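Chain IDs A, B, C, D and E follow the sequence of writing; residue 1 opens each chain.
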Amino acid sequence: MEQLLLLIFLPLAGAIITALAGKSAKIVSTVFSVASLVLALVIACNFIPDASTQFEVNLPWIADLGINFHAGIDGISLLVVLLTNLLVPIIILSSYNHQYKSPAAFYALILFMQTGLLLVFTALDAFLFYIGWEAALIPIYFICAIWGGKDRIRINMKFFVYTIAGSLFMLMGIIYLYLQNPAHNFNIQAFYALNLDSAQQGWVFWAFFIAFAIKMPVFPFHTWQPDTYTAAPAQGTMLLSGIMLKMGIYGVIRWLLPIVPAGVHDWGQLAIVLSIIGIVYASLIAFTQKDAKRLVAYSSIAHVGLISAGIFAFNQQGMQGAMVQMLSHGINVVGLFFVLDIIFSRVKTNKIEELGGIAKVAPQLSIAFLIIVLGTVALPGTNGFIGEFLLLMGVYNYGIWAAAIAGLTIIFGAVYMLRMYQNVMLGQTNSLTITFTDIKGTEKLVLYTICALIIVLGVYPKPVLHLTEASVQHLLEQVNQKLNTVN
Amino acid sequence: MTIEQLIWLVPLLPFLGFVINGLGRNSLSKGLVGIIGSGVILASFVISLVIFFSLQGDTQKSHEVLLFDWISAGALHIPLSFLVDPLSAIMLLIITGIGFLIHLYSTSYMHGDAGFGKFFAYLNLFVFFMLLLVLGSNYIVMFIGWEGVGLCSYLLIGFWYTNSAYASAAKKAFVMNRIGDLGFLLGVFLIFNTFGSVEFAKVFPQAASGSTDILVLITILLFIGACGKSAQLPLFTWLPDAMAGPTPVSALIHAATMVTAGIYMIARSSVLFDLAPLTQHIIAIIGAATALVAAIIALTQTDIKKVLAYSTVSQLGYMFLGLGVGAYTGSFFHVLTHAFFKALLFLGAGSVIHAMHHEQDMRHMGGLRKKLPVTFLTMMIGTIAIAGLPPFSGFFSKDEILAHAFQASPILWGIGVLTAFLTAFYMFRMMFLTFSGKYRGTHHEESHVHESPAAMTLPLIILAVLAAIGGAINLPHVFGGNEWLAHWLSGAGVAQHELELSYSTEYSLMAVSVAAAVIALLYAYTRYVKGARVPVADEAPRSALAKLSYNKFYLDEIYDFIITKPLDALSRFFYRIIDNKFIDGIVNGLGWSTNEASKGIRLLQSGNVGFYIFMMVFGIIALLLYTFFYI
Amino acid sequence: MSTQVFYFVATLSIIFSLLVIFAKNPIHSVLYLILTFFTFTVHYVLLNAQFLAVVNFIVYMGAIMVLFLFVLMLLNLNKDTEPSKSPLIKIVGVIAGGCLVVTLIGSLKSASISSPLILKNPGLGLVENLGKELFGPFLLPFELSSLLLLAAMVGAVLLSKRDEVEA
Amino acid sequence: MNIIITISITAFVVLYAGLFKAKKALLPLTVVGLLTALGFTFSAWNGNAVHFGMMQTDNFALAFSGICIVGTLLIFLLTQNYFHAKSDNIAEYYTLILFALAGMIMMVSYKNMAMLFVGLEIMAVSLYILAGIRKTDFASNEASLKYFLMGAFSTGFLLFGITLIYGATGSFDLDKIQAYLVNNQAVSPIFYPGVILMMIGLSFKVGAAPFHFWTPDVYEGAPSLITTFMSTVVKTAGFAAFLRLFADAFAPLHEFWVAPLMVIVCLTLFIGNVTALFQKNFKRMLAYSSISHAGYLLFSLIVLTKNSGNNVLVYAAAYTFASIIAFAVLILVKQKTGSDSFESFNGLAKRNPLVALCLTIAMLSLAGIPLTAGFIGKYLMFLNVMTEYKTLLVAFAILNALVGFYYYFRVIVAMWFKDGAETELSTPSQYKVVLLVSVAITLVLGIYPAIILNLI
Amino acid sequence: MENLTSQLQGVPLNHYIYLSAIIFSIGVIGVLTRRNAIVIFMSVELMLNAVNLLLTAFSVHSNDPSGQVFVFFIMALAAAEVAVGLAIIVMVYRNTKSIDINVLNRLKW
């Protein structure tokens, strides 16, 4: 239990110390993020891969309102916790070639956000979950709005209000569940045990789903995302796409499915349809994007659409696929954005047509980029394949046509990703790219780590699958059982 | 050493080669790279031979080797395991054997290239994936190889990536393969759903229990996958473009090995396909159509590699025709012989190109026979083999397919013979244009043309020998053979269909096809040697059919028009109209209207106390009315 | 006779109060207001609330109204030059007021208290009685009203005195 | 009782001290007096004493008294350099503020409507004056007169309401009124209009739509410090009075008056939030935001639970301290730049990061972001209404809260993301104390609200 | 006095309510229709007096002196309000030379 508290609050402590660290903030934050990673790995090693919740903490917090500091880790949480603690150091390292103004604030906000994310991923109390949900949003808003690019104020305001709109309705749903709960608390187990009729579940479903759908984002709640990704600083984009959107996915798995299975039963179909539309739609839009960052943003929508579809398909393959893909997508998309950041920091543009021929002058970057692109297009042997394969299989078990349309992602993904790769890296160098220098120092470290993860997870995904298997299975059984009692 | 102990070395060695060459591509000397690159393949070949022979002497024809559990989720368990049986064993030999020859050839061919190390790394990686493809004991491991070779194909086609046309060709190949891959993947899903497993060993025994409808669906989906990989209609257009890669790549990937993966996969799954007659018809028709269309296109091409590329497509169509009519062994036999003679032809073409300093247009060649005697001779053997003239290997394999086709449907047979005729014609056309007549380039260039070094000619010679005698491995009964290959493959569960034709029918069928080839040869001879005709430039007027053929039936343009352009237009429409105007418009519109409401409502606050009091009184009246008279 | 006095005085109250608000000259308004208040005094007397009648007479008519007059004179506003609202606004105002009457009375109409007023204790409104009440239960608010008056005093002085610093 | 006496005596002492030109002693005297009053508040805790049948110092009253006193104390601390530069009559201002505070103590602890009325009027009369203490400033004049005219007008309605209720029940005592409602099956019909009219009168005091029109103009025109006082402490007291009457005495008639109240709540939320959106002036924006907060606060009356009072307390505390921060910074900015538009906040974070951070936390609290007191307040309000599953109302409130984010974030945007003049604010020591105390309270209540949840 | 009180008998309470309501509303109309701050203020006084009358009537009806005491408080308030109000008006007049409420329109929107 101490471990979990330490895990959650170490980044917060780091944030405070970083904020006071002044010039050495970069180093301090790196130390704390790496320490968090180590701690997460220690926890992962001590974790027994069964369906139980471990390292549970249950402290009274606001007792009068039935709010407890109740957190714990099961396989599913551990996965996203690992992802978070893995990506944060990577993201911090990736910022080493930037000279941000007021770095102390910048790194402190990242670490603060990490605490929020960890709260979201470990909370077993709905209120705590909500607190973490918002606590993660504030820092990223500031990160994006202070250090962002053109038009950042308007774009981030939209992002902020859009996402918080969803979460407020979720709060309404949480309050509703709380009131329905005879014990009058926010305990997740008590929520699981609620017996709501299908109309009630329908409402709660929408209250939660919209919040999650906006966060992921699922079509048609996605329009904040490309702008925000484009305008955010590179590290902000990585945080948003790498970790933050997993909050939505995790929310669906942890809160939506088990609490309102009948709602999912009634409305999940629509969710799948939206997700699948999103896959094709976003992929198609990605075809003709001129800005590489925007292209990756749309590709992210497509990928997340598949994850969402896989989850709502509600079977072991889809769910496990979602698990793997959460991890993979986090790693891959961070890699992609980092490469684009490297390019941007060198030539000050991410416009696809202005680039070209970088492979010739920066072969190491081109190889790393290629591996990441391949991971993104789900080439077998990369992490992306495991996820997409399982997800597609999950969707397939739901419906063959759904899978056939969702599967278009593997074609479309190849089209736009390779188009981007070709136009950015291949061809002749131009006046802009001729002076391009290859990656070095922390850039190498970060990119090679990402590439290694892509391949290792692709070749040997078993640890991940093993980690989540029992929890996922337990979840499915739980939900199915509950669904049977409702019907 | 048992098979189980050896087999993992076969793919591992090329992989090690890839790693070493990949990491040391800039530091290792070219010689060392060549030795490592070729050496690992040779070692694999040797091990494959050992495996092959120990399998021959083994009563147990199929060995499964589990490496580790790869993916498992719910009922789905996918081990990373290898299956060694006669089918994969013989594929191993082809891949590593021909692979080695081509590696050897490349050490010389690519010697001047800056990316020498990278090239060998890619080639080794390709061999690794190809081995994975054939060794996989289930569809998913097969799929790793399947996509992996696609990746290598992408990398190698775009090897000279600074040329963006080449890079585009690479992308096209990858994407078109991906279209097929989706079909393949869906097929695999359906297999899993139907049979509860994706292991060959578990699926095939249950095949008969599946309903025909589902089997048809499964097989059609798998066939779509094969179409992509093996360049069948309508997905074949990537293969000719793939000639952008270095010539050894064309030989290895786009002729001998990768493109035959589709046939291998269908042969592997023949149990399923055999139970789906509808699919078989479709396969036969598409195969025949591809064979014919590609052959027609090949007639007018002027690029020596393009001719061979279309010829490859055409021959692949042949193989699919064979698969469609149930001649699994025949098709696979053709895979083997085709691997020999097409690799040979490509390498020969490479030798020519090498000699011509990367000139590929046949209109600028001619009279090279004397300059390149070995190349000419070996290529001639290859040409004769592909033309189907006895007793070279192509004759036997082609005739087995044709015989089965005749048994199935005389029309298919007719198309087959017509294709054979066209094949013979364009192949000899190519030979004559290249090697006979007078040199059509400048004198200065001519003086630089010389025969390739031994590292290049040796593989040619070896392949020529194989192309000449390769037919022996499945000598049909009609020639007193024992159909060794058929027996061998039956050990791998490949479905066998005996010909029920009388020997006399078989003889007459052979006679027809041989006659067609001979007539084509003579016609080509009169036209290009006697008439010394040279193909005209693009602008010159042609007949409608010639134009159609020269422009590849405008397929690329059609695809561009009906797929690429609409998708791009749709993309822009979605982005500009739906996304930015409509969906985001609604979101922004909410904000905007709130803002407008704010602008309007704040005017209520007019600053005038009288007005305020008015509003208050109205409020009071309204509230009282509401309270007492409404509710 | 008994009720007629009430109705007569009530009519006068209404008429005078109407005159208050419709008189052009503010001075006239004040004078009418004084008359209105006088009618109220009569009402108080009728209700046997003698103390209130006296207080009303002294405080309202005496003190407050004189204050009003003073200010009006001080500001020299004893003319008909007072800016008046446009007729439209006036009409709307009157209509709104009329609506308020109707609504108020409508809301009160359902009142079943049509019982006539009967004075149960003739000494109710006498000083003695009220004094006991005021210095008994209502002592606290009474004491605290001093704060109100003091605040008003301080405020009035503060506001009306010319500030040297500011000037 | 002691509280009021202490405050009144302090007021007198200050007034006299002013006569003797003891300017330096004024603030210490006031602070000592208020701290003493605060001490009495604590000592009376759980006493539930009834004074003269007129005042009941139950925990509800004491808690709100406490908040009012603390809020006033902080505002007094903000007077540093505020009045001195403008006028000689500081003692009078102090006295008036203290009188108003005394009035408010009456408002939060009354047991008889006479007390309510007298308290309300003490407060109101003091405020009319305070709004106008910038005698030569036209805006201040205008604010004062507007406030006065409309205030007097609305008092008429309040009184009419009181009268009708008296007519129906024959008493001004809250307990008796409640007893009347509980005991009589047929409530006298004139009681109902009385309730509505009182609601109207009190709505005016708390600035709820459509009786809110005075709020923006008066808040903008009045001196900023007085605006701070009006929008925080005064508002809190108004709500306490509202709640005491409606949640307590009129509770049996809840079903009757909840419908018009809903109308008021919805209108208030909508008008407050939507109008605030377009403001260019930070102070005026805060005025509209105070209207919208009135809407949220009224949630506690829509569904009456035993926690209603406490919910208002939490919300009012959150709102009070956040607003004090906002106004404190506003005063500082205005002193420096002479303007209270959003533009004058541009680039504040670069010059005064800590002040900017304080204001940011205040804005987050006002907007209702978790881990600040404002969130707990909003949460309690939503929770309160959700207990009867008034989901549409909550949804409507959520939509309004979203609008709220826009305007609260405008100042954050200006401070952090925009570049402005490079002039540094001078932050007097007392301001620092106020800012730090308020931020501390805001955060502590946000993170560990348990300490305040069961006060009443 | 005794004979005056006897005349009281018989006026229904309702009529007092109506009378008050009417006077009150007349006050409101005055507030609504006039621009002169002092006249508006006088109208407010009218409203207060209407209330006073009603309170007295209720007080008599329920035989309870507290109503009349309340009237007393209202009068105290009225006095205080008048003092403050007139001071404010004078102050405004000093600055604007007008007591027209329409002049007060700088604070808006």
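Basically, a contact is a pair of C-beta atoms (placed from the backbone, for glycine too) under 8 Å apart; a residue touches a chain by one contact, two chains touch by 3 or more.
What you see is a predicted model; the values in this text were computed from it and never measured.
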Length of the shortest touching-chain route, subunit C through to subunit E: 1
Given subunit B and subunit C, the chains that contact each of them: D, E
Selected pair, greater C-beta contact count between C-D and B-E: C-D
Chain with minimal offset from the mean of all protein Cα atoms: A
Maximum centroid distance from subunit E, chain identifier (CA atoms): B
Most remote chain, CA-based centroid, reference being subunit C: B
Separation of subunit B from subunit D, taking each centre as the mean of its C-alpha atoms, in whole Å: 78
Subunit A and subunit C, separation of their C-alpha mean positions in angstrom: 70
Rounded Å distance between subunit A and subunit D, as computed from the means of their C-alpha atoms: 43
Rounded Å distance between subunit A and subunit E, as computed from the means of their C-alpha atoms: 67
Contacts with two or more other chains, residues of subunit E listed in rising order: 13, 17, 24, 27-28, 31-32, 35, 41, 57, 59, 61, 66, 69, 73, 77, 80-81, 84, 87-89, 91, 101-102, 104, 106-108
Interface hub residues of subunit D, defined as touching at least two other chains: 114, 117-118, 121, 125, 128-129, 132, 135-136, 144-146, 149, 153, 164, 167, 190, 192-193, 196, 216-217, 406
Residues of subunit A whose C-beta touches two or more other chains: 161
Each pair of chains that touches, named by its two labels: A-B, A-D, B-C, B-D, B-E, C-D, C-E, D-E
For the subunit B and subunit C complex, residues of the former touching the latter: 610, 614, 617-618, 620-621, 624-625, 627-629
Contact footprint of subunit B on subunit E as seen in their complex: 28, 31-32, 35, 101-102, 104-109
List of subunit C residues in touch with subunit B within their complex: 85, 89, 92-93, 96-97, 99-100, 103-104, 106-107
Complex interface listing, subunit D residues touching subunit B: 145-146, 149-150, 153-154, 157, 192-193, 196, 200, 204, 209-211, 213-214, 216-217, 256-257, 259-260, 263-264, 271, 274-279, 403, 406
Of all residues in subunit A, those that touch subunit D in their complex: 61-65, 130-131, 134-135, 138, 142, 145-146, 152-153, 157, 160-161, 164-165, 168-169, 171-172, 175-176, 178-179, 203
